[in-house]
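First subunit A sits with subunit B, and in the next complex the same chain sits with subunit C.
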Partner chain A sequence: MDIWFVISNAIVLACIYGTLAIGVSITWSSLGLLNLAYGFIFAFAGYGAWLVSQHVSDWGPVLLAAGILIGALGGVLVCAIAFIPIHDKPNYTIRGLIATLAINLLGTQGLLWWFGPRSKTLPEIFGGWKISLSGMVLTADKVGNVLTSILMLIVVLRWMQSSRRGLEIRAMMMNPHAASIVGIGVRRTSFYVMAITGGLAGLAAVLLSQTYYISPFGGLTPMIKGVSIALCGGLGSVRGAVIAAIVLGLNESITTFAIGGQYVLITQFLFIIAILLVRPRGIAGILDKAREA
Partner chain B sequence: MNYISQDLPDINNQPAAKREVLNVSGLSAGYGPMRVIHDLDLVVKSGERVGIVGLNGHGKSTLFYGIAGLTGWQRGSIKLNGIEIGRTRSQGPGRYTHEIVRAGLALIPQGDEIFHGLTVEEHLDSGAFTQRAWRERAQRKQRVLQIFQPLRKLMNVPVGRLSGGERRMVSIGRGLMADASLFLVDEPSLGLAPKIGKSVIEALMGVELGESAMVIAEQNVALLEGRVDRILGMHAGQLKGEASAATLAIHDYAGG
Partner chain C sequence: MSDANMIARWRNPLFLWGAKREVDELPTIAFRSHQDIWNETRESKAELLPVGRLRYYYKWPGHGTATWNRLRYWPSRRRVLRVRGEYNPKTLRREKTITDKRPIWWLLGLIALALGPLFTPLGIQNTLLTAASTFAIYAAISLCWMLIIGTAGIYSLASYAVVGTAAFCSASLSVKFGVPWWLLPPLGAVVGLVFGGIIALPASRLDGFYYALLTLGLNELCRVYFTTSPVFGAANGGLFGAATFIPEAASQLVRLLTSYYACFALLLATLLFYRQVNGRRVGRILRMAPEKREAFAEATGVNFRRARVQVFVLSSTALGFIGGFYAANFGGVAFSIFNFDTVLLGLGMLVIGGIGKAEGAVVGTLIVVLFDKFFITLGPIRLVLIGLIMLLASLYLRDGLFGIKAQFRNWRDKKKSERRSTRAEKGGEMLPEEATDAHDKNEVYRRRFDKMQREYFKTIVSPELIEEHRRAPQGQHSEVLERLLIYFRGQPQVDKYAITAVEPFKAYRIVGLSGHRGVPPRVVEDKIYTTPEEAYHAVFLRRVQDLLES
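Let's turn to the complex of A and B:
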């Protein structure tokens, strides 16, 4: 146990949780949906990747792609069930919350029923090599996790910056009413959003499976962390989510190192409460240069 | 300025050649239990600039939102270029708006319905949402910049940092980016200093309509007088009178 171990762990956790938090954040701000089925999508993608590893191939890139695609499929499924029928009905926010929570409960029970309570393991995606850099030992899964999630986030964010669909999604994140005025179809855009955020959850599921097991309820803690990081970063801000992920990843690995893993959620929420007391809009409140209408 | 022709009587404009861009008949619309628009009829022909004047809360904005399918509920017929876009519906505001926009509607809403974090350029791009407008967006941007010169220097600035007048220019420019046959402009001078409001109206008059048409809702009649082809009065959810720029004759629509 040394300082480098803490820091490298923090970075790995920050990358994975950041991926999840950005998904939560984008969904919330563009669709107005706090997607509580995220944990289910996470587990769904994990089991999907496991099935692929059993029946198709256990080559790393295939598993990553399978996780992302199955996560995207899960996202589209949740969108079709929980968003499309209710998004223009009264009291949509609460209904959406309840609908996604219901999908989460039903889905995880379904996974439990189908796959049984024994957790599964995925093969090592990035191999078993190690590099030693001046006292710091980098294992393959850490390097792979960090590089893959950063690469995926860069691709997603570049796409959102430069493509027409990305412009639609960003417009919807900032002002859904004005977005429909300029002709952005809410329903179609919602499928894109949910597919992308589902894909991010799937990626996180496969990456986290290198450290933890895949189990029906395995998505719950990552989802709670993703939602709380998104909240701490300021819902709707991608940069805020990234910073919050780094800060809270650091907090998690320091807590684990200093006082023990069972206190992680306690220190994490204390930390979030402290930040939200000072900055009610989260970290994004500091970053935001443009004023709202 | 290209509004010289408006002083001539309507007959000289060969009404037979004019196409009906918008035909609203028997439109009622509102929100929840409230009925704002009462059996309204309105016909707008191509090449026309129509002004709608009326007090706050008499349904000018709701009429525009009704045409765009954004009211809480509505019934009655709305034809845009002969295509029926009005549906009887009791919920789902905005569900069909993107189809209506693709059919040729550009709504420039009241106040600042802007995306505060997008830059001016992205904002103008977001207005070009039909396939053709998106392909031609570079030329269209140039055309909008010709009308709103001050935006040239602000292309990379987030819209949230602009002043009220600049925001309004962006908002109107976004509407003009669309490949639309009907422009609905809601209170373009609202909240602006009189001089800036006047220049915004002037800019709207400078837009070449061609085959399309423009409807401007405005509280300040003086701003529209002598600049539009017809002025309609809106009162309690109905169009109550019409003054053409040529004759200033008042026809009573009451009971319609």
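Let's turn to the complex of A and C:
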């Protein structure tokens, strides 16, 4: 196995899982909702993009846009079902967690029932070209994946830093109670947040479909990876999530190279447990203050 | 009101003496006894609704020797039923009320579970008995998990990982080394103890949700490890061929019944375990340290962290035992036990029933297994249905099915108090919270009496009355007007209207007294009255207006 192949793979996966992890992080810190319906949003967006490729167009940018939009729609759906009715009720955090889990079960089984167990493939978005860089072969989908996810992340983070809505979201991340006092509507902002994080999940779904298939339960592994990266980075911190994605990607590539692919999860969790034992609030415990649970 | 009430006439007693500006007779309102007015004012205008609650508890008779003769768990002094004894306030008869009927329901339910297989219809016997033994095992798992989530308050999602690991380890030992079936559960318990001990390490340090996510990941880790590892039979969807206690040679009915009753015995044992952990010292300690009140418990010297880890490790051991039993019962274990959906369904069992209650775990398991295993012909739809139930339970129920009663009562009490507050009236009276702060409690009653007086005087103000006052502001008035004037005169000095002579016999003006010595009265209006009578009447009009507006 070529070390450059492993490293480039790890970078690609880190980018995609990092996208998911930032979504999980933002949702948690602004809404206080641990969105475990991510796997469903992921599969939902994947199937949506597949339908678009079948019926509308299979041009790459169209598929990307379709994935993002349908993911955003899924996020809004989850928000309307699981966040709006209970966000001011007692036991909100645990009930929200269970409600999103229930949506995940319901949605994935619904997809299985509707589309059948056969997995679908999307056409190649970035074409089939290759470039060689001093012994390292970069295929189109790898370069495309990395560039697209980084671009999307930059756009989202810039938007959050510079726009009015982004200011509202950041205010809610800092202190939801104070934000509601100064007139930032919790319900309205929650829709923005869920649409954006859903869009990130949709993007990740379309990008990952270049490597894996689209199946009803295909969102589970990305969700767990994303959640564990967010956890390792510290829930509620974007910078922590980015650092954790890079570190865990490195860990994955080194493990694969040194002892073998099937031990990746084991080393990854030992690594996360070690980090959490030292820093119970993740890497971001050093960087910035995460939301109190 | 003027015409209808003006039937009575008031005769001026001073008229015969021929005083100036006196009239002989005036229309006035009919005399009413002040007692009537008092009674009417005191009378509640609130609609009389049935108050209180229906006494729906059955009252058992009991006195004499039977009073102290109670059913107890031998050899302890603990009572089986919580019975409250009281005297009926009307008949003064001694009565007993069973305040907690759950033991009775438990007994009936367990008897039904024990006798159920004997009464199953022949056509669905296979499905039903298979589903029933699955139910009993899963109920046992749910009970242990309930101990972890409900009693210890650790949001661990790795319970099925513990069960699966114990089952896989014991099954593989049985397959490789021919370990007999009765050794599998203890072996599983050892595996559970080790696994639980390892994952209890971060449990004491991490916050609830961090731990939930971590254990979710651990579950996935176990799934990937066991499915890919060649040791555990990756090829055929699970590890089968372990030793089992179910006789091979017997008929299918006997095998199903053996399996069912063994699982039922496991369920009974787990219920006992739940009671021993939750109802005794450790459970009590943890009930003292619920979420967000840990600091208080710690300050009183309760080591809740140790109790949590104790419960966690104990439950993990029990889960391992159940895992070994699982392998011995089914002769192996499938990889599906590590599936995310299995964890979800397991969590659904807890949530639907209500977290923190043994009956919640068992009934929730019953519902989920009924959908999952009995309606197996429905395909993926049955899982969608379970997801829907779970979603509705988490959206609308605060504490699952067994919390409905408390939630409904809370809601009903809230509605009751809302309606009560819309019925209550306030006009210058002190609110209860003001009244507790008032230094002089006489003020509370004075204000209430004042309110009643004002209510009454509002009813007697009429154009005729005002006309009578305009005609003669001073001198003899009719009885009703006199009452009103006396009330006005008795008002406190602060902001009381008065007349000041700008120029005697020529110009008068209305002022408001300050009520404090040395503080001059304020000017109320600019209007100048030429005679004192006009000024008197203007003051009267102002007071009447203030009265009607109050």
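The working rule: the second predicted complex is superposed on the first by the 285 of 293 C-alpha atoms of A that agree within 3 Å, B and C clash if a C-alpha of one lies under 4 Å from a C-alpha of the other, contacts with A are read in each partner's own complex, and residues count from 1 in each chain.
In the analysis below, a contact is a pair of C-beta atoms (placed from the backbone, for glycine too) under 8 Å apart; a residue touches a chain by one contact, two chains touch by 3 or more.
For clarity, every value in this text was computed on a predicted model and none was experimentally measured.
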| item | value |
| --- | --- |
| First (subunit B), second (subunit C), both or neither touched by A:220 | second |
| First (subunit B), second (subunit C), both or neither touched by A:99 | second |
| Which superposed partner A:194 touches (first subunit B, second subunit C, both, neither) | neither |
| Superposed model, subunit A: greater residue contact from subunit B or subunit C | C |
| Touching partner for A:181 - first (subunit B), second (subunit C), both, neither | first |
| Which of subunit B and subunit C A:122 touches, first, second, both or neither | neither |
| Partner chain(s) touched by A:89 [first = subunit B, second = subunit C, both, neither] | both |
| Contacts of A:273 with subunit B and subunit C, given as first, second, both or neither | second |
| Touching partner for A:164 - first (subunit B), second (subunit C), both, neither | first |
| Doubly contacted subunit A residues - partners subunit C and subunit B | 89, 293 |
| In the complex, subunit A residues that touch subunit C | 34, 36, 39, 81-82, 85-86, 89-91, 93-99, 101-107, 109-110, 112-113, 217, 220-221, 224, 227-228, 230-231, 235, 262, 265-266, 269, 272-273, 276-277, 280-282, 293 |
| Subunit A-facing residues of subunit B, complex | 68, 70, 91-95, 97-102, 107, 109, 111-118, 122, 125-127, 129-130, 134, 158-161, 167, 174, 178 |
| Sites on subunit C touched by subunit A in the complex | 155, 201-202, 205-210, 212-214, 216-218, 220-221, 224-225, 228-229, 340-341, 344-345, 347-348, 351, 355, 379-381, 383-384, 386-388, 390-391, 394-395, 398-399 |
| List of subunit A residues in touch with subunit B within their complex | 88-89, 164, 167-168, 170-171, 174-175, 177-188, 288-293 |
